[in-house]
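Two complexes follow with subunit A in common, the first pairing it with subunit B and the second with subunit C.
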Partner chain A sequence: MRNMLFFLLIILLADFTSASAQEVITQTFKDSRLVNIQSVETLSKRRLDVRIGHRFGDLLGDNGGWSTFYGLEQATDVMIGAEYGATDQLTVGFFRTKGAGALPDGQAGLRQVLNGTVKYALLQQGKEGGAPVSLTFWGVASASTAERIPDNPDIIRNFSTFAHRMAYHGQLMIASRLSDRIALQLTPGYTHRNVVAFQDENGLFSLGLGTRLQISRVFGLIADVTFPFSDYRTTENGFYPALGIGLEIDSGGHLFQLNFTNATGIMETDFIPYTTSNWLDGEFRFGFTISRLFNL
Partner chain B sequence: MYKLLLTTIITTSIFLTLRQTTVPNTLSPEDEVAEILLQLGEEPVAHYPDTTLKGVSVEAGRGIMLTGFAPAPGGGTTNKQSKHYVCTACHNIEREDPDLSVSDPQARLEYAKRNGLPFLQGTALYGAVNRTSFYNGDYEQKYGDLVKPARNDLREAIQLCATECSQGRALEPWEMESVLAYLWTIGLKARDLILSDQDKTVIDQALAGDGDPSAALKLIKSKYLEGSPATFVAPPEDRKAGYPVDTVDIGNGQLVYELSCLHCHENERYSFFRLDDSKLTFQHLAKHFPKYTEYSVYQVGRYGTSPVPGSKPYMPNYTLEKLSHQQMEDLRAYIEFRAGKER
Partner chain C sequence: MKIAPLFIFPAFTVILWCSSCSSDKLPEPMFAATCTDSIPAYDPQVRQIIEETCAYSGCHLDGTAPGVYDSYSGLLPNIESGAFRTRVLQLRDDPNQGMPPDYAPEGRPRDLTQEQLDLIECWLDSGYPE
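Right, the complex of A and B next:
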């Protein structure tokens, strides 16, 4: 049965691929990321995308408000790195993140993290006929470079072996540009952390939903939400879906994104397992991403 | 000086021998114009390639011009000549004018449509080896003294294009000679010239030694431009009203948009500023048309853009010979029509 399904999938992909040799939609989203989640977009060959992402502290709630100037005096997570278009389909990237996620009891996830990413466009949506969706795979391997805390074997950052520093995430992105203004994306994913707290689970399935509404040639609204599927990750236990909304500003070559999200971490290995902030409690933060393209 | 002269004579002789020149005694359509001129007593031009240099080949030249890369003489591939452009971003390598003796942008646009060519700012490289002057007219306004060595020297003109226009690296000597070797393969042929039966008779007689070679030379040279004229013009004084034209042709504007604007901007082919067929794009362009911003087609069409810190490539301007005022207004009419905007 499984072999038959696989065979059918291959036939379907082959059919769409031959159709996509005609005219395809080359820009479903403007950027390689929405607010939190990746988009189906890959870079053109020999393009370098230098990216800086920033998440400030809680805007409101117990840790926000005037005392932190609505979070602007804090840096919850910071990402800096770049992606490179090895081919028109394959994009590889390397990012350093501060790391910000924590369990509801306050135990921190990975910190000072190096992230290697790979993205491959499997299928592009056809303009007229052809594939109805674009399909892209994205994966990240994250390694914490934080100093180990050897005295406490019960915490994640005990790092008794190097493997405990690692976490991985892989996802398939299925997106469709419905019109010049609207694009939608569905993102099933799987996250694996080599070491977790006792009550937690190493493997975690998730589903992300994302959308972009183009307001004008320059401005676009973006939003996404990611639901982890886990008996442990309930609101009763203090976990919340990572929900972000943002404004994209495209100046041609530069892309600025201003956003609000309850996720603290920027990378998938961080915000999917560790989002414990609640929008309704004012625990969301302002953030921005700057992207600059270069020809190499 | 004596050695230089000797080298030029030798390399020219080698090149002409390698190309297995046949001396025409009657004109045939495939005859190369440069060879006919030589046969009629014209002095050889200085831009024959030096094929004695290691690595020089037509294929290498073609690779550099079309892709930016060429097989390196020591193995592997050269570094890309320019990160931003290839020669064909701004220049056709095919003939692009129906009558080579005039520079008529409307005739060129229609010819481009008929032949599936883009409509570009740069002059076609087809026939470049038959020209004797480069960066003509107002290009001095743009590049200053840099055009002086390039005006009468194709090698210098190519190097100026490589380093300034494409914001890339200078060509190595073997690369330059390879580019020239390739350009010689796309030189003008007799069939490209509009010759009457009487013209052909004059030329045939001169080639056979019965006529007046200087008259034949003059006749042939009158059939194509030896330099591409360049007149820089400003956007209209009143940008809201536009250039004064009697009427506009939306279909013609569509041709300009599709064969010119989209050539570089579609799918960010040569520019990060993406253009497409969506109403949002046309609304953006229509809104900015009469403004003084870098999104104004008047502004960037007539002045081009400038390199800025962190972004060296720039868009070249359209001279009057490459885009007429009428075509600019046709383009504006098309953009406004697609934007759903009435003026």
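Right, the complex of A and C next:
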């Protein structure tokens, strides 16, 4: 089945390569990320995108409310880093995240994480005719730089081998701009963690859905949701799909994003396996991303 | 300005990282004899006790007493050295050595409840999960 899908993809790519000379839609989304998931957008050649992302604590629920000033006194996850357009198709990046995910029983995922990212635009949607969708691959390799705890073999931070510090994620993004205002994206992905708790699974397929609605020249509404496919990751076991909604503000050189999400981690290797917060219990948080583009 | 070469580093890092793949699982943790039903975690069960009884201004928060107990990693050195178990569990009846001490400020607990002590003992015996 997987081989068939792969061949279909190759045929699709071959079919539309001949149409590459046609005019293409260059901006399906405004930014390289929606709230939680990546978008199909790559940077133009020699553009640098410096990004800072932040997720506060739970707005409501047991750990939120007045005592934490609705989560604003807590930093659940923080990301800082940059991406660079090596070519118009290839974007590479390097980010540092705090790391935030944990299993419902408290088993923590990777912390103090360095993330190397690669994004490659395989296909761009044609304006009239040509490809009906844009297709982009994105991959991340995450490595924890946290100090190991050698005396406790029951926790991930035991790091008995270097490989246990690593987790990876790869995804294909299939997006279409349906009109001048609306864009949709489908994101099948695969996450692999080198070490997991005894009841968990190393490999994890997931499907993300994202959308963007341009509401004025400056403002855009964005939303995405990611479903991991796993017998273990059920709501009965304390896992929930990562659901984010946000507002994008394009001020020219900067792009601000204000968002609310139940995901604690920012990187895919974190929020896909470890989203255990429930919107309906008030366990969602305020967050923001600032993106500044430079021409080099 | 050409900065593309700078990004060769993350690209190589990705390749290096991808070359170290494994599919390992942690051992199933032993259910400690001191636990009754489930194993508590630092967050939220132990953290709540710590914040109420240890991590406040003038004690294990601002450097007045050894250790800044505002996070799991702040607590870890005293757990790994055994000092936390000794002072909280073994010396709990000692008015000065037992934590929290009898000289704790007004409004702060000077003793942990038996339920809190049981929870901390189970947590420590279970490998103090985060």
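Note that in this section the second predicted complex is superposed on the first by the 286 of 296 C-alpha atoms of A that agree within 3 Å, B and C clash if a C-alpha of one lies under 4 Å from a C-alpha of the other, contacts with A are read in each partner's own complex, and residues count from 1 in each chain.
Following the convention adopted for this analysis, a contact is a pair of C-beta atoms (placed from the backbone, for glycine too) under 8 Å apart; a residue touches a chain by one contact, two chains touch by 3 or more.
The structure presented is a predicted model; accordingly, all values stated were derived computationally and were not measured.
Asker: Is the arrangement of subunit B and subunit C around the shared subunit A a clash or a fit after superposition?
Answerer: fit
Asker: Per the contact definition in the header, classify A:Leu247: touching subunit B only (first), subunit C only (second), both, or neither.
Answerer: The answer is neither, since A:Leu247 touches no partner chain.
Asker: Pick one for A:Val78: touches subunit B only (first), subunit C only (second), both, or neither.
Answerer: Neither partner.
Asker: Examine A:Val196 and indicate which partner it touches, taking first as subunit B and second as subunit C; both and neither are also allowed.
Answerer: Second partner only.
Asker: Given the touch rule stated above, what does A:Leu221 touch, subunit B (first), subunit C (second), both, or neither?
Answerer: Neither partner.
Asker: For A:Val50, select first, second, both or neither according to whether it touches subunit B, subunit C, the two together, or no partner.
Answerer: Neither: A:Val50 stays clear of subunit B and subunit C.
Asker: Between subunit B and subunit C, pick out the one touching the greater number of residues of subunit A.
Answerer: C
Asker: Touching A:Leu296 in the superposition: subunit B (first), subunit C (second), both, neither?
Answerer: both
Asker: Specify the angle subtended at the CA centre of subunit A by the CA centres of subunit B and subunit C, expressed in degrees to the nearest 10.
Answerer: 130
Asker: Could you tell me how near the closest CA atoms of subunit B and subunit C get once both structures are overlaid on the shared chain, in Å?
Answerer: Superposition on chain A places subunit B and subunit C at a least C-alpha distance of 6 Å.
Asker: Once the two structures are superposed, pull the subunit A residues common to the subunit B and subunit C interfaces.
Answerer: 46, 296
Asker: Going by the contact rule at the top, pick out the subunit C residues touching subunit A in the complex.
Answerer: 1-4, 6-7, 9-11, 13-14, 17-18, 20-29, 38-44, 72, 76, 80, 126-130
Asker: Can you check the complex and tell me which residues of subunit A touch subunit C?
Answerer: Those in contact with subunit C are residues 46, 48, 62-63, 84, 86, 92-94, 102, 105-108, 114, 116-118, 139, 141, 143, 149, 151-158, 161-164, 166, 168, 192, 194-200, 202-203, 296.
Asker: Touching residues of subunit A toward subunit B in the complex: what are they?
Answerer: 26-27, 44, 46, 180-181, 214, 216-218, 252-253, 292-296
Asker: Mind pulling up the subunit B residues that touch subunit A in the complex?
Answerer: Result: residues 80, 83-84, 267-268, 271-274, 276, 278-281, 283-284, 310-311, 313 of subunit B touch subunit A.
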